[in-house]
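After this come two complexes, each holding chain A, first together with chain B and then together with chain C.
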Partner chain A sequence: MKLSTQNLLGIRNLNPEDIQLILSTAQQFKDVLQRPVKKVPSLRDVTIVNLFYENSTRTRMSFELAEKRLSADTLNFAVSNSSTSKGETLLDTVNNILSMKVDMVVMRHSASGAPHFLAKHIPAAIINAGDGINEHPTQALLDAFSILEKKKKLKGLKVAIIGDILHSRVALSNIYLLTKMGAEVMVAGPPTLIPKYIKEALGVHVTYHVSEALAWCDVANVLRIQLERQNQPLFSSLREYNLVYGIKKDMVDKLKKEIIIMHPGPINRGVEIDSDVADGPHSIILNQVENGVAIRMAVLYLLANREN
Partner chain B sequence: MKAILTEEQMALSIKRLTRQVAENHLLLENTVLIGIQPRGIFLSSRMVDELKNLMPHENIKYGKLDITFYRDDVRTELKLANTTDIPFDIENKNVVIIDDVLWTGRTIRAALDALLDFGRPAKVELCVLIDRRFTRQLPIQPDYVGRTIDTFADQKVVVHWQETFGKDEVLLV
Partner chain C sequence: MTILLKNVKIVDSQSTSNGFIKDILIENGIIKKINKNIQNPSGKTEMIDLKSYSVSPGWVDIFSHFCDPGYEQNETLETGSKAAIHGGYTRVFALPETNPVTDKKTAVEYQVEKAKNLPIFIHPLGAVSKKLEGTELAEMYDMHKSGAIAFTDGYKPLQSTALLIKGLEYIKAINANMIQLPIDKSIAKAGLMHEGIISTRLGLPGIPAMAEKLIIQRDLELLAYTESKLHISGISTAESISLIKKAKKSGLRISCSVTPYHLFFCDEDLQDYDTNLKLSPPLRSRSDMVALRKAVLSGDIDCIATHHQPHDWDEKTKEFEYAKTGMIGLQSCFAVINTLFPTLENQGLVALFSLNARKLFNLPPATIEEGTEAELTIFNRDLKNDFSPASNASKSANSAFFHKELNGKVKGIFAKNKLSIFK
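Right after this comes the complex of A and B.
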């Protein structure tokens, strides 16, 4: 039993069996994380570099912790204090790192497709930790894992993804994963932040009314407004965004069903989601963070085995 | 293909193994039984049932251990993990590890490593249904053996269980 791919570039390249394998392996690692000794020796001869060309708190710490829990050796690279500022190219940087005998590369980059480019040119296993506005596969996997913990199944489940769909790699990875596993997806947000042909291209429902999405869904995944990727005004103000598209407590309270509220973080409180919802009983935001370590352990473990 | 143990022999061997363990661990007070996933747990479950018949008042501590993440060949061969379930403390306990076939000894090496992550047992013993003699790659020997056999490296010992195969038997293939 193994993955059909040697790199994790995106959910797009995975088949449902791969996703199932990662999720079930993650369950075993979650058990490991409950033990007194939260560490196993599986990857003790594997060296992994965390190459972060873009800021990150959760993902970088989660990957580093996952690597340490698997007994791998880790190297951390932050672009701000590296030779990238002296003009070294991505490929040169990675080739230099690999000549120090590194087996796997975890990479976040602001350019979509950067990990795909690397995968074509270097022999190490590459794990995409977020590339531009393309994909963030481990986030989608941990989201699915967290949903499964609460709802026990993905097939037939209704998941609403609410917010900045256009600039969100979390949204794209989630849409790929959920539709591959048989869930229904609805995207909601301002028309300027939803790609025009997303319905035709990805087979999702589209609404411009958050209340409609909430009434429809079993799970609401709320996304951050990615101001850093918007080079033109796409809505008038954060305050107006909150008034029209923000998730507020009374909207969740008046639903006649129990829904799950998720958020990949970092949260902009009072913009896309209000504090009393983010910290409320429906929220599983911190469970998502906890499950992230188990998911990343599963991905690293399954990709460490390379028969070549 | 050659039968090593028939259904009747297997039942007798399991009864004997259970009694031997009980003999050495009177009252089982400080003893825990741990079956190795995935195939060792068929033997360990039978032994636990047998022990319950033997001493119905004893509270038998029984756990399951998966050693997948402790294997030394992760880089060459990927195995799927099973559930580990050890719902008690093994610190200062006498642990009896139970597996179906002892061959190279590498699984037991991994199991010893895994056990240490759960605590420091007072003593660890090994109980196997089949001991393939002269095939060890590590200095590991069993304390309780159902049947010792001589095999060539290219032969396979197959243990069938009622639960999965519909019939108990041990074959040399």
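Right after this comes the complex of A and C.
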């Protein structure tokens, strides 16, 4: 089986079969990762650049590890945000790297649509590791994979996404993926952090009350408050945010059902989620991180073989 | 120089020959004779057969950026004129967003002086505020005396209510018009496209339609208070039309124009993050686009303004967020409008391209009548247009109209006693 696309720009461009293929391929890689020898030769002689125009620890390490487990050669390139405006253009940077015989580009960028722009101008396969407030497709894939492990299905499942929906590429990718796979999605957060047209645009439920979201859902995906993306005041204080929208232990205990709690990291403990929930029995946050490597191996593997 | 235009259909509601196919004899820039079958008076006369073509008073664009001086890598007065001629324009208003800014007599004089030898009339638009900073009034009287046709802060429309009141009052002494782009920058500053379903799906920060409504409402209030003259260029929403329509009815001296791109495209065309469609005001929803089209046909729009805004390759070939806003428009405007409105009568078309702007900005009517100075645009509404990077005359190539199927061709213009004609 092959993916219907040459790049992974976003979940928006995938069909359910693509998503299914990535998830099932990831399962195979996850099995590999349980063995004593975790390395496979699949991408031997493939060179991949990790181009990070925005800070990242987890995603960059996860990609790098996935590349190494597949025996690819990796190249890391981190550019501070400000240098993009005064220095070399994105296209020049990438073309320079490609002329050194690099096969694939993993890119994180602060501008929405940056990987789409690149895909129009360069021949190499591009994997979006997060673009602006648009998408973070591998995060949504690993979230789906983690949900599947616990709940065994996506279709008909109720998933609440709680927090800063407006600035979150994780939210958008998750909404695309979950609705494409037949799950129901509700977003919850303060009105200033929820896009005005989200209901009509994406077919999700909206609530401003976190208790309503928790009572409704099977899965709660709690998002990080993206202080760095806000260019105007969208809520009063972190203290008030935590008081009203933070996920606390008593809220979860009150629910008479088994829900799972997720977070894409890095966590602002005591802001969007309290420590006893993040580290508690419902949390699968560390499983998400573990599954990230398998998902990224699957994506890299499927796109590297795209022309064969 | 004597020129004889043969068998051309005259489209000019002000002319007694309106609607007739006649010959036009031009001597030293003056229309000498209009009649059927004018015989070639001398061997030196240049004779051009214009069978199947129409001729109207020369077209006027009121909002173009010629980037000269300061940004000559994008356009110069010379290359801008070339694009204008290819688009059928005999007069173009040039925006003050040059470097230095056109906010003083000397800057106006530079353009006036340089334009003297060019085949079209270029009218500098003076800045309303010094350096386009929106804080202090520029020397508008002095600029007006030197040839500034009207005043605008271009793509940085005045945000300060206090300064706009003063600006509108100030220009009453010279009976000038002010041009405002309708956008509230405090709401729009973080946005990259129209806020709506599409922006939500594309993960691009939005500019609500309200950013336009609020500024138009405010500007109309100030216009009523100051009893001055205001033109709003580049309206992009359905609500703007009704606001302006109502203001016109109440007797305010308000007029408006719309761009070809707001009539042709909408936010749905941005699915691919095409930077040529990054525009200000942004492309709005489909229903806005449809409302604007209706307003063109109902006569609620006074002019088509090209908003010709050249950017070189580097400024557009980058991430959507970092790309500059704007599109070139002079050369393709007529074909776009003609394609969108095949039922629009010739008179209506010429009103939108020429006569209304001439009235609003106190320009000569360029009536096609014996004894008047000839200023003409020659066009055909049925011929296919082949706008492409190869035929593009602007120095920049930031257009989303290349290779679109468009009808309508400009054959040439006559202005300043010079005929510019294309094969």
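Annotations for the structure displayed:
What we mean here is this: the second predicted complex is superposed on the first by the 299 of 308 C-alpha atoms of A that agree within 3 Å, B and C clash if a C-alpha of one lies under 4 Å from a C-alpha of the other, contacts with A are read in each partner's own complex, and residues count from 1 in each chain.
We adopt the following convention: a residue touches a chain if its C-beta (ideal position, glycine included) is under 8 Å from a C-beta of that chain, and two chains touch if they have at least 3 such contacts.
Here the structure is a predicted model, which is why all the values come from computation and not from measurement.
When both complexes are overlaid on chain A, the residue A:134 reaches chain C alone and has no touch with chain B.
In the superposed pair of complexes, A:2 makes contact with chain B only, with no contact to chain C. By the touch criterion defined above, A:25 reaches chain B but does not reach chain C. Of the two partner chains placed by the overlay, neither chain B nor chain C lies in contact with A:258.
By the touch criterion defined above, A:240 reaches neither chain B nor chain C. In the superposed pair of complexes, A:36 makes contact with chain B only, with no contact to chain C. With both structures placed on the common chain, the touch criterion links A:45 to chain B but leaves chain C unconnected.
No residue of chain A touches both chain B in one complex and chain C in the other.
Those residues of chain A lying in contact with chain C across their complex are 12, 84-85, 89-91, 109-114, 116-117, 120-121, 131-135, 169, 172, 195-198, 200-202, 231-232. Across the complex, chain C meets chain A through its residues 190, 192, 195-206, 208, 272-273, 275, 314, 317-322. On the chain A side of its complex with chain B, the touching residues are 1-2, 21, 24-25, 28-29, 31-32, 35-37, 39-43, 45-46, 70, 301-302, 304-307. On chain B, the positions that touch chain A within their shared complex are 66, 68-71, 74-84, 113-114, 117-119.
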